[in-house]
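Below you'll find a set of structures to go through.
Consider the two complexes below, in which chain A is the common component and chain B and chain C are the respective partners.
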Partner chain A sequence: MRTRTRTLLFAAGAAGAAALFTAGALDLPRFGGAVHPYGDRAVRQALRESTTNTISSVNFDQRAFDTIGEELILMASAIGAVVLLRVVGKEAEDQGAAHRHGPAEVSDALRIVGYLLLPVTLLIGVYIIAHGAQSPGGGFQGGVVLGTAVHLLYLAGDYPALQRLRPIPVFESTEALAAGVFVAMALAAAGAVPALNGAVGVEVGCALVLLIGKFFEQALLVREPPGGTP
Partner chain B sequence: MILQLTVAVPILAAALLATAGRWLPRLVVDVAAVLAVAAVAALAALTLTRAPHHAQVSWLGGWGPATGVGIPLAADPFAAGLALVTALLTLAALLFSWRFFTEVQAIFHTLMLLFLAAMVAYVYTGDLFDAFVFFELMSVVAFALTGYRSEEPSTVHGALNFGIIQSIGAYLTLAGIALVYARTGQLGLATAGRQLIGTGTGHGGHGDALVTAAFVLICTGYLVKASAVPFHFWLADAHAVAPTPVCVLFSGIMVPLGVYGIARTYWATFAGLVPLRAIAVLGAAAALLGAVMCVLQHHIKRLLAYSTVSHVGLLLVGVAAHGPGALAGTAYYLAGHAGVKGALFLAAGALLNRHQTVDEHELRGRGRGMPVTGATFLLGALGLAGLPPSGLFAGHAVTEHAAEELGWWWFTPLAIAASALTAGAVLRVWLGVFRGTPAEEDPAQEDPAHGARPDAGGGHEDPETRPTLRNLPWTMVSPGLVLLAAALLAGLIPGGPVGAAAAMFTDRDGYAALVLDGRVPHPHSVPADPWTASGVAGFLATLLLAALIAVHAVRRRASDRTGGGILARAAAATSARLHALHSGHIGDYAAWLTAGVAVLALLTTRF
Partner chain C sequence: MSDPFSGPLADALILTALALTVLMATAVVLTRHPARQAVVLSGYGMVLGVLFLVLQAPDVAMSQIGVGTVVVPLIVVLALHATRRHRKGGDTGEDDRRPDHDTSGTASDGDPAGRGAAGGDAP
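After this line comes the complex of A and B, so read on.
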């Protein structure tokens, strides 16, 4: 299809879809109304179970099955990244070309800040997971903090240290294990919000480390073909 | 607890294999995966036997209907049957791939198990948002499985197209769910449906603009999955590059699950509020276009993929016919199609393994040493044509009867045309590959223009097994044969229970009673009766046409296409047009998708 035709087709379709959505949205309840049926029920049930953080109660208790699905999506994405990106690793091995990882020059200020922030950030991640049942936070958020904290080492310019800190196979296994533990716990006893929170935290943290690690491997692989010219 | 276990067993097995697969011997991985899938099949079969009499409902975590916040899993007979079909297809695919993919730990098995879990959860869930979550999980796993052999650029291309188009569809579905939620404050299919009936009716008891918009948007994602025209472009690209055992699951059950999603959402939530004519129109278009494209292919996996577009289009028409009769026929059709298509893809996989190509021209006459594979293609073609007592025969006959009562005179010709074209194409493959004489080594065969178009396919492909197996082991042969036999006998499933299940499925209050009150509804039902004279006549007509198409194609190839009347030239021009339409360009596909939403909206709105 030529670009012009494609644009016209898209414009016509988008106009129709926009009209449909606008017409539908105009029939929505007025903004700022006092009726919140689902919210009322969710808060009431959370308080009945004495979970003070209603959001965690919805995530890990009332609708824990959704969370299982979301966790598995994350796990499948991480596994998928491993499958799809394994070719890059193979290329590097196959071609035997010289390659190296990572940024070369990092200023001292960045290096020091990276080292200093690493333990603090890890602590914050653990805190957010541990207190998810009571205060804002939870396994997903804390897991993301944990997963990214590790990569401060990269900002500090120390890629070898980062590689030592996160052996990919271990994280792969731990991630899957945490997902399995979450499902098993949800089957056995829904309602153990803090424990479920912890399992999700581990799973999300590992998955994130895995994903970022795989992307790093791809993005930072500086190929230096033997011939010199690309 | 049975329903939870049906979902949890494959997830736990997947987690185990992902954790320890790196260190486990290959045999243990294979056995563990197969055992887990067999357990799911057994659980689904148990659910199926119990569903007609005892309510198979389970509110997860004990958050019952009174609390108004929980998620139900509910299995009526159709849902349980679909779960069973899913598990059996996965079992066949895993057995077939026993000798496949030795290099990457246990990731292939992990993904297959997650795929199964996602599909079962999607089928059982009684919650709009939860359905979306597992729909997404299904898609994500499917992307990874499609791109599994990511060494080749075309694989990445196909997987990327698949991923982008599916994701756009899924976002629109989520937007539709948000509209329903904003109006009703409910996420359960049954509870949201009750609320919509109460509040969402405009003039004359029909849905207002919000209801229409929500239905159209939710359907868009499901129609992308179900590959209705013009949402179907991703399907052939993905099937052409995905590993063959994965194609079995894609064509056999994942694409039809899009149809299930529409049917379930409609009857549980939107019944009577919106018309289904849009689904009928897009489904009929898919049935026709898919069939024509099917005949035009010579890459066998692409050919089979387009036949899936066509047959799933017929399933959509069956759902849109809007009644228990047509739905019973659709169920027969789905079961038969799953088996036949699964067997055909496995046979294509056997060809790929033996000859490193699935190009019909290159394979010409080279299948003579493979009698079982040849027989699969022949019987598969007959099955697609609706050989009694296959599931497709029963499906045609029952749906046709229901369509006639609606006054849909066009259904019978449409079904015959779609079946004849797809069956004719498969029959042509059988004639050429298994009965033809091998072409002598032709230097001109290495046509450089061949691989340039993504649609052309062909050329050498990496075998999925390594090293190439001398003799096909029984693990690669028997799954296809069992699937084929099951499909060819599926029409013998007694019509009484099928009719009753269809009546239960199409009864909105019955579904609400099942989910919310735990009561099994027993609406009045008519037994499905596949054995009609017009059904048999339809099969004979289809078979005759299919044979004509196949023989004509083979003749034409033998005479080397020298004849060029106006008709032939017009046909060639049309075919070039159609190929150009399926360009492989993701921008084209996205533009068609938005246009499809607009068409859906136009056809669904009541002016």
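After this line comes the complex of A and C, so read on.
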């Protein structure tokens, strides 16, 4: 396609998007206004189901279907990372323990902070999931905290320990299981907010561990033997 | 208004958060070195989280801080490290061989050189 055609095509698309966006934004309530038609209804419905955190009520009760879609997107991206970043062709994988990023190379301060923060952060993750129905937080946020917290072990300089803490195959099956449980529960019993929070928390945590774990493997362990592709 | 979250003080708070966001977003764009950019991006995620918090959306702020401040920069740093390692043919030692031309010292990217790559190097 010629540059000129491309520019024209982009200009047409951009103009259309701008027109639609303006038309859609014109009728929105004013920023910071006192009238919240959707908010009022959502809060009323949330309180009727005695879920004090309206956001969780919207996510797991009133709009549980949307959340299914989001969970499946996250699962698809985790599967994509696992499939794309597998060891292929001439690549070989180091043993984690043989790796040079051993415990000796990190300063004591960083190691102590990492080891101290690990249990605290895990606890915070569990708390955010468990209290998602009552206070700000929920399965996704807590899952993100859980999924990233384990990598404090790497900051503490102990990559082999991190590998023992998160055996990839276990997390793969747990992720699939949690996603299945979530879909089944969302279809059968939408509104069981704490339980759905738990399922989402496990699913998101596992997905992030898989995703980041695969990137860690690529960055640290996978190597091409000399004489491979330039 | 009886609402404690509105009034001139709240407006000032929101404007400050918005200004900070604009500042950090500009800093992300102006930082040219990818590893440093990941760190500045992390700061931008934090400021965005503060903005969401000021706008009374703590749930969104939590997600933003988790994903924008931790996960995305971490993955960027790991991907950078992996590409550099593969380019050098499986050697782990590297870093800072690229003459980085960090434009304009925005206050936020003054982190020590190479700190951004701390995700995985320095043999």
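The rule is simple: the second predicted complex is superposed on the first by the 174 of 230 C-alpha atoms of A that agree within 3 Å, B and C clash if a C-alpha of one lies under 4 Å from a C-alpha of the other, contacts with A are read in each partner's own complex, and residues count from 1 in each chain.
We take it that contacts are C-beta pairs under 8 Å (C-beta built on N, C-alpha and C of every residue); 3 or more make two chains touch, one makes a residue touch a chain.
Quick caveat: nothing in here was measured; it's all calculated off a predicted structure.
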item	value
Which superposed partner A:32 touches (first chain B, second chain C, both, neither)	second
Partner chain in contact with A:188 - chain B first, chain C second, else both or neither	neither
First, second, both or neither for A:144, with chain B first and chain C second	second
Touching partner for A:109 - first (chain B), second (chain C), both, neither	neither
Partner chain in contact with A:1 - chain B first, chain C second, else both or neither	first
Residues of chain A touched, compared between chain B and chain C (which is higher)	B
Chain B versus chain C as contact partner of A:65, first or second or both or neither	first
Complex interface listing, chain A residues touching chain C	32, 34, 53, 55-56, 100-101, 105, 128, 136-138, 140-141, 144-145, 147-148, 151, 154, 208, 211-212, 215-216, 218-220, 222-226, 228
Contact footprint of chain A on chain B as seen in their complex	4, 8, 11-12, 14-20, 22, 60-63, 67-71, 104, 107, 110-111, 114, 117-118, 121, 125, 129-130, 133-134, 136-137, 140-141, 143-144, 147-148, 150-151, 156, 159, 175, 179, 181-187, 208-210, 212-214, 216-217, 580-581, 583, 585, 587-588, 590-599, 601-602, 605
Chain A-touching residues of chain C, taken from the complex the two chains share	1, 3, 6, 58-59, 62-63, 66-67, 70-71, 74-75, 78-79, 81-82, 85-86, 89-90, 92, 119-120, 122-123
Interfacial residue positions of chain A with respect to chain B in the complex	1, 6-7, 9-10, 12-17, 19-21, 23-29, 35-38, 41-42, 45, 58, 61-66, 68-70, 72-73, 75-77, 79-80, 82-87, 90, 169, 172-177, 179-180, 183-184, 186-187, 190-191
